[in-house]
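What follows is a group of structures, each given as structure tokens.
What follows is a pair of complexes built around subunit A, which joins subunit B in one and subunit C in the other.
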Partner chain A sequence: MNSVFCLAGIVIKELYRRKDFYVLFVLTAIITLLLGSVNFFHEDKIVRYVKDICLLLIWLSSLVIAVVTTARQIPTERESRTIFPLLAKPVTRGQLVGGKFLGCWLACGIALLVFYLFFAVVVGAKEGRLPLSQYFQVIWMQWWMLAIVIAMVLLGSVLFSAPSANATICFAAILAILILGGHLHRLAAVQPSPLGQALSVLYFLIPHLEWFYAVRERLIFDSALLGWGDCLLAAAYAAAYVGLLLVATWTVFRRKILTV
Partner chain B sequence: MKLRRWILGLFLLAGVFTLATELQPRALGWIGEKDTDQLVQVMLGDSRQILADHLFVEADIYFHSGYYPSVFDRSYAPTNSQHLIRDDHRSPAPDRDPIAESADNHDQAEHEKAMSFLAPPLDWIERFGRRFAITSHTHLAHGHEREILPWLRLSADLDPQRVETYTTAAYWLRRDLGKAREAEQFLREGLAANPSSYEILLELGRLYDENYHDSLRARNNWRAALKRWMETEPAKPKPDVLPLGQIAVRLARIEEREGRCDQAIALLNLVISHQATPNPEALREQIRVLQKRLPEGSQGK
Partner chain C sequence: MSTEATNAASGAAESPAREAVIRIEDLAVEYPPRAFGEGPTVAVGKLSLEVTQGEVFGFLGPNGAGKTSTLQVLLGFQPPTRGAAFIYGLEVRHPIARQRIGYLPELTYYYKFLSAEELLRFYGRLFRIPRGELEARIDSVLKLVDLDPVRKRLIKTYSKGMQQRIGLAQALINSPDLLILDEPTSGLDPLGRMKVREIIQRLKSEGKTVFFSSHELGEVETVCDRIAIISQGELKMVGRVADLVRQYQTHLERIFLKVVGYEPQASA
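After this line comes the complex of A and B, so read on.
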């Protein structure tokens, strides 16, 4: 377990040494502040469009950070051949996968906290209130969604040849799930037999990331708090997918020839 | 040597400053509003209208606090924007005209029906997923209507010919947000872009009547609105008669208030003849009352 945490620590250090997070954070901050300073009809209390756009940027940035950081973890170790001394420590391949996952997930969590701190300051200044429970639920749900994304990309990094291909495919898959995920079964119902069945299978197979994304809208429109039980169930659902994907990654990775 | 560099630097600084004072007024002209508009037009072309429509829909989504049909349920999406200018949270004003009221009631029922787009969940995934989504049909109220304004402003910037953007924004600005001046300015902007719009003139008249209590200007605007309606709508195969009813009834009320009962009767007759009211009997009754107030000799006319 100690080696898993050591590996996770290295990944977190990598996040704050690289410029990705800073660039995305500064971009988010600039765009949000610029939009927040626009005056519509001399009405100072308009705030939801700022929340909407800032949250969209936070979601995009966190997805980019999660996918890009995770996609290069194992391929970079293989390319630079640092994976051999690492596995000779001894660190098992399972621990390596676990460490990389935990590192990326915690790094995304830290990035999320910084992003939401900024969001809370900007929105709180405009709205004059700080609904901490709602913020906690949104961060919680987004963090668990990122766990699924990271596990998915980690599996991609042992399946696909290049990090760029992996990142592109994962982005496309995530986008498709977010847009179509909740509607696949209704589409399946109107399709002819083999295609309809295939869509139905896909519907029950994919992780439904759109649930987690919907929470963003609840924060924008000041909807009532989610049930805490539902939040825990959603986390358990995400944890089940993470477990499945990590086991699949480990299964592929332990038979993988590591020389490039 | 160092001194010479300093002098050169100062000389260049003075030159730049002088040039800036000369160029600055011209630069203001280069980036003027018209040029910016032209630039946007060149860059976006006709897609400006699509974008403007999308932003108007965004305002509608905000008005429903996120409860809105997705792209897969768009057949359920509201087909008009009447629900956007209907106030569910207030009792109707005592002097509200019956035409607007009955049209509102009809529209409300239609809108409620259209917005019940969520079919019963087919499986546990959909059932559980709905716990995270917004699933109740509500409209913004208590001043929160201001949240739709940015999208309407942007929509008007992209497509200045979209009349309902101006009327919707002005309605909320003057009704609940206490911004009659801003509403008037926005409507004037809309009128400049759409000189033949009777809808904007109708809304301007309402603003003068309800917010400024200026009957004279309200009447002038509604007269102009009536004239524009007569110029454009009767020639159409399916004229939009609802605005005619709203304009004429309001105008009739002013005429009645100022003692010109004959003109009020003519206006109400116009509404009945164009079938611009769902309740003509109420107007006929009103005409009978007005006829009694006419001088002796002119009652039969």
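After this line comes the complex of A and C, so read on.
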């Protein structure tokens, strides 16, 4: 595990020494502050809309950070040839995959905390309260959803050599799951066979990211908390997908011939 | 192996008591065919080689001879098609075989967002070097490669020569018993080259083994105890530099050209 943690540390260092995170944070912060300072149509419940838009921005920003950071990890190591001195140390390819995953996941976790801290300060100033349990659940669910996204992108990074191609394909897949994932089974029910069956299979195969996304509505509408058991179950569901995707990544990557 | 190789292969046999640091047995490396109907590309035919403790060994060959493929197998970057390679008796596919190795690749760009000391700390931790010892080693190798004054600067601000020197520093961070260098002087100015030569001599005097591939034959002649020349995936010659120079009555470059089959055009 030592090598995995060392590699993860490097990924985290990369995140805070590059500009990507700061650009997204500043953009989100400016939009949040602007929205927070304007009183639209003298609407008392304007805070709800501000929360909705800001949470959407945080979700998008964290997705961009997760996809872009992860997509470049292994291809950049190969392109800049840093992978050779790295693998010439007592490091296995499995540890490299594990370290990259952990690093990206933790880095996204840190970015999420910064985003939500800012969000909580702005919304808290408007609402005059800070529902910590709700925040914890939203961050927890989003972080686990990002784990699936990162594992998906990591698999893509060993299948596609260009990070941009991988990022585009992964963004399309993630958006498709978020928008259509929850409707596939209904769509399957009205389709003739074999298309209906294929859609049903797809429904049960894909990781349902939209389930994690839906939790944000509880924060917007001040709904009741999720059960803590459900939170753990969601984490286990995500962990299962992460495990499968990481094994697939390792299987592909260990067969790759790295040309010096 | 050719007759020349057999004749000159006395080097390793002269020191049977020494530990074989690198042992390559009937190594073959083939790449899948590029097009349908073609056969596989043979990078290395049937290479057998032994490098013993404490020697500086030059691994030579023209471009495309199979040097890189052999190095890739030695470092565990790719499995051999046939045969096997061992480092300190351990098969190279096991990561633990790389615990005592230092490797300097040719022209590598290190993590630009790290400083020299952060990079060395990262690599040192991969070897599980205790913290206090690691800091002492970082100081020592940075001084050795003359990067101590710029140790806190980000690597992206380094010149090409400095990048090569940080590469050498990372290869030495675990105080390796075996140093594998791929074109170690590539991109270095004469001072840098001299520094690399000094480091190699120093490692040799400490009883370490150095295995390096290079096209700088003058350099090879100066620092190597033994050399192997491969061409078209086959070992053409292996032997002591001094013995070869005496046998052929010429310098290493001429010997190299003759062995790889290059016939110079008659000039006016």
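Going forward, the second predicted complex is superposed on the first by the 254 of 260 C-alpha atoms of A that agree within 3 Å, B and C clash if a C-alpha of one lies under 4 Å from a C-alpha of the other, contacts with A are read in each partner's own complex, and residues count from 1 in each chain.
Everything below uses one rule, namely that a residue touches a chain if its C-beta (ideal position, glycine included) is under 8 Å from a C-beta of that chain, and two chains touch if they have at least 3 such contacts.
Since we're looking at a predicted model, the values are computed, not measured.
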- Message: By the touch definition at the top of the document, which applies to A:R81: first (subunit B), second (subunit C), both, or neither?
- Response: second
- Return the chain, subunit B or subunit C, that is in touch with more residues of subunit A. B
- Task: Check the residue A:H208 against both partner chains and state whether it touches subunit B (first), subunit C (second), both, or neither.
- Result: first
- Does the superposition put A:T259 against subunit B (first), subunit C (second), both, or neither? second
- Query: Taking the superposition as given, does A:E217 touch the first partner, subunit B, the second, subunit C, both, or neither?
  - Reply: first
- Query: In the superposed arrangement, does A:R186 touch subunit B (first), subunit C (second), both or neither?
  - Reply: first
- Message: Is A:G227 touching anything from subunit B or subunit C once the two structures are fitted on A? First, second, both or neither.
- Response: first
- Query: How about subunit B: which of its residues touch subunit A in the complex?
  - Reply: 62, 65-66, 70, 72, 122-123, 125-126, 128-129, 131-134, 143, 146-147, 149-151, 153, 169, 173, 177, 179, 182, 186
- Which residues of subunit A touch subunit C in their complex? 2-3, 6, 9-10, 13-14, 17-18, 80-82, 84-92, 257-260
- Item | subunit A residues touching subunit B - in the complex, by the definition given at the top | 38, 40-43, 45-49, 141, 182-183, 185-187, 189, 203-204, 208, 210-212, 214-215, 217-218, 220-223, 226-227, 230, 233-234
- Message: Can you tell me which positions in subunit C touch subunit A when the two form their complex?
- Response: 31, 68, 71-72, 75-78, 95-96, 98-99, 101, 103-111, 113-114, 118, 122-123, 125-128, 167, 170-171, 174, 180, 182
